[in-house]
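First chain A sits with chain B, and in the next complex the same chain sits with chain C.
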Partner chain A sequence: MDDAVIRDYISRELVRDPAILPLENSTPLLDSGVVDSLGLLRLVVFIQDQFGIVMDDLDVVPEHFASVDAICAYLRSRPDYAAAEQPEDARA
Partner chain B sequence: MPVPETETRTASAPVATDSTVEADGSGEQWKLRRGGRLAYWAAIAPLAAMLPAGLSYRVACAWGDLTYRLLPDRPAELEHLRRLREALGAELIPEDVETFARDFWRFRACEVMDLMKLRGRARPLAKLVELRGIEHLEQALEQGRGAILCSAHFGSYLGAFSLIHTSGFPLTNIGRWDWNYHRSELSAFERRFWDLAYARRVLRHRQQPNLEPWQGRNQVAVQAAAALHRNEVVTLCSDPAPIAADRARAVEAPFLGRRATLVPGVVTLAELTGAPLLMAFCHRLDDYRHQVLEISPPIPIDGDADAAFERCVAAMDAAIRAHPREWYFWFQRDELEGLGLLPAGNPSDRRHRQ
Partner chain C sequence: MAHLLQQLLTDTARALPNAVAVECEEESLTYAELDRLSNSLARALLTCGVARGDRVGILARKSASSVVAVYAALKAGACHVPLDPGSPGERLAMIVGDSGIVVLLADEANAGRARELAEAASPDCRVISMDPRECSESSAALPAEGSDTELAYMLYTSGSTGVPKGVMISHRAALTFVEWAAACVRLTPEDRVCSPAPLHFDLSVFDIFSACRAGACTVLLPPLTSMFPVRLAEWIQTQRVTVWYSVPSVLTMLASHGNLQARDLGGLRAVIFAGEVFPAKHLSLLMRQLPGARFLNWYGPTETNVCTWYEVAHSATPLTAPVPIGRPCDGVDVFAVTADGSRVSAAGQEGELHVGGPGLMSGYWGLPERTREVMVPNPLAEGGAPVYRTGDIVTLDEGGNYVFLGRRDGMVKTRGYRVELGEVETVLYEHPAVREAVVLPVPDEMLGNRLRAVVCAGEELSREEVLEHCRRRLPAYMVPDTIEFAEYLPRTSTGKVDRVLLSDAKPASR
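What follows is the complex of A and B.
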């Protein structure tokens, strides 16, 4: 579900060449130039707003943003993201 | 050197303002100028900078005059200025293009002297520069979101940024060192020389090393945002022509009488971080040694990025019109063509834009 949200955002806001759409979860984002420096900042702001997490700039490394799959894997590894994912009744 | 990828191209320097001349000059002339430049940076300017300011800047002006007289293809360069004058109007470049060109080289030599006077806590330079509008920066930082200072390749901007840092405002610059554009053409000695003679002097008065947005350095904007988040100052120049990778997000804006092509990255950064965006320009007075650094009130952004960027461009335009000799790009045909201020010319001129 989250991968679709992230993929849609990247497709809508960051992709400048429509020829590469539709975006796959495995499409390289940084190496291919889909996401550049300011694009990465946009993406970080979007993820923070969307998922209610605060990312340290030290976490913004290429491995975590190499693809949509990599972003999702990184998010799943964060304890605050996992907590946000838990259903209300499980948290109670 | 990889092709630069992101939107800013800010750290041009006096070392390469005559790059197109070098490209056209003969091998011997080029070597002579290159050697002379190294001698000026390594020995003449550092020694002259120890003298009282009046003498230091007299030496710098003499060096600028010499540089001008030894331009390998001076008639062609003056003709280039005349063509620019026709294209952009007499308001920017005076009829006496020889005096204009000579002053241009004097100013570049004086900027090297400025950097030499950054020694210690930069007091030798601070005594010569009047800071105006520093209260705007203080007020901007009271919001706790940092502040972005936008400038141009204009005047002694790197020295000015250093003075802001030494005035108690932690500052980081986004920009590429000029010599990194053509590292492959420089020897290891020369690269090391510029790192020591230039970068070291400037970086002593920075919060962190330059954020150089080369290809693959995708964290630059995030690092800048982190500095702003710490309520620090981030500086960058918005007047370079966009590199190929940035053309897609470049916009046109009225600049120097034309519709110039520029990248509005500075406004995007301000929008994403909420940091106030101010303009800062430093110009030299007629005695060549005193300068005025002016910081503007924040530029209104109001959710309209295009209009905000046009305000930035208008501020750069006004600064250049008021002090045209301070702008670095008059002799850089690749920049002028990339901006759309000159029709595209000989591809061999485009040393920076490969």
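What follows is the complex of A and C.
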């Protein structure tokens, strides 16, 4: 579910070339230029606000932002991360 | 002494053939190799019909081969025009058409776009791959012919009327900066110089040419690295970078998020910044973390390249105000003129900065009237060569240093790039549903300014539609960061859009 929230944010706020839409979880975000330096700052702020975590500077590395999948994998690795609460049926 | 830029390379290739000229991830070229490869590519350009003074476009990311391409264009006697691969097609087409580019040198990633641009521009416009492996021409040296008043390169900057303008730089103007900069930084063959600036940004003149002048190594930053401060710090250390030159925003990120205390950046002996004001707080933080480095603030628009400089002294007390832009570079005539036409000579007086001397541009390509508006007769002296009006308002401090106060017109800096607000407004007005539009700078510590657009639409128009419209026509840094809608724009008594009132109004949520 969180992947959809992140995908939606990036599609709405950061994508410059609509040809890349719809965004897949595996779409490269960095090599494709979807996320640039300003976009990265905004994405970090969004992730922190959205998921109630504080990203350490050492965690802001390309591996964690390569794709929506990569962002989700990073989030899951965080002990303080709780996946957004969703009704069971919405997850299906 | 060299009178053409390419002689810097032939001289260094002769003196230090085995010294590394360019390093780019796994790729590296010695000066001898750079010299040979650029000879071959220059011959390919000549075979293609390139003649002295012709414009050769370079559509490529900064790489070892794009450095070869730059020198090849120069050796062929051409004026090179670096194009931003990140710009939308419409803008690139405008530049290719305006400058009359006859050959486009493209890297593999941009070959397809280059072909489209060439086809649209003219049936005579050719595309050549800059991959040295595809070039079979002889690598024999080419004679350095031509006068130093011929154009070496042309850089396109934002134009207030909505059309980018080409700043023409002669060999003489470029060398004036290149020689001064190499001496100011005291570059030696031991240095490893890095600038993340792309080729179409004039900061790259330093790492491409001044490093070559000194026989130093230009270390090219891998793409993406400058976005990630922790990785950037690690890279600077492992690459043993000794001299860094960039806009302040990259350094601000490095200082505040680079985890520098875990690094040994003792090898970094000079940190140079230009392009916009470095917020004092972040500069102090960086200086505390790099106590052994010299810190240099360079100032100058593309039209003059660097014309003043200031060395920031390390101090136990943090800086509280932006550092001065400093004193004139050697050989450059710099003065400020007050509103009543006299020279700024005492601390506290304000005036517009004017620049004269050999470093000036030759004018704007194909825009003689626009050129005459900025290259004016010296207002303080009869006769003599024209001087450039920077549009920057400055004052003098007690120590005789110039201090930047602001702009005379609608130009702002964002991410170190110049943006004419009028150019963004012109693009907004091109949308059929836009009735009125104004673009306002919102000061931002990290970026210099964010761009806030206020749009009055005649019909239903979404924020996404406006952004999409801008993104198709403007480079990313010129696309407004926020879009707001209003019923009408407030006006002053003279009927002008009341930018002050709009700036004071609390921006609506995006």
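Going forward, the second predicted complex is superposed on the first by the 81 of 92 C-alpha atoms of A that agree within 3 Å, B and C clash if a C-alpha of one lies under 4 Å from a C-alpha of the other, contacts with A are read in each partner's own complex, and residues count from 1 in each chain.
FYI, contacts are C-beta pairs under 8 Å (C-beta built on N, C-alpha and C of every residue); 3 or more make two chains touch, one makes a residue touch a chain.
Worth saying up front: this structure is predicted, and the values here are computed from it rather than measured.
**Q** After the chain A overlay, clash or fit between chain B and chain C?
**A** clash
**Q** Does chain B (first) or chain C (second) touch A:21, or do both, or does neither?
**A** neither
**Q** Considering only touches as defined above, state whether A:41 meets chain B (first), chain C (second), both or neither.
**A** both
**Q** Given the touch rule stated above, what does A:57 touch, chain B (first), chain C (second), both, or neither?
**A** A:57 contacts both chain B and chain C.
**Q** Looking at A:73, would you say it contacts chain B, chain C, both, or neither? Reply first, second, both or neither.
**A** Once the two structures are laid over each other on A, A:73 reaches no partner at all.
**Q** Looking at A:30, would you say it contacts chain B, chain C, both, or neither? Reply first, second, both or neither.
**A** both
**Q** Between 45-53, 81-89, 135-143 or 459-467, which chain C stretch has C-alpha clashes with chain B?
**A** 81-89
**Q** Please identify the positions on chain A that touch both chain B and chain C, taking each partner from its own complex.
**A** 16-17, 30, 33, 36-38, 40-41, 57, 60-62
**Q** Across the complex, what residues on chain C touch chain A?
**A** 86, 224, 226-231, 249, 253, 257-259, 415, 446-447, 464, 468, 471, 476, 479, 481
**Q** Enumerate the contact residues on chain A facing chain B in the complex.
**A** It is residues 16-17, 30, 33, 35-38, 40-42, 44-45, 57, 60-62, 65 of chain A that touch chain B.
**Q** Inside the complex, what are the residues of chain A that reach chain C?
**A** Against chain C, chain A makes touches at 12, 16-18, 30-31, 33, 36-38, 40-41, 57-58, 60-62.
**Q** Contact residues on chain B for chain A in the complex?
**A** Touching chain A: residues 5-7, 213, 216-226, 245, 248-249, 265, 268-269, 272 of chain B.
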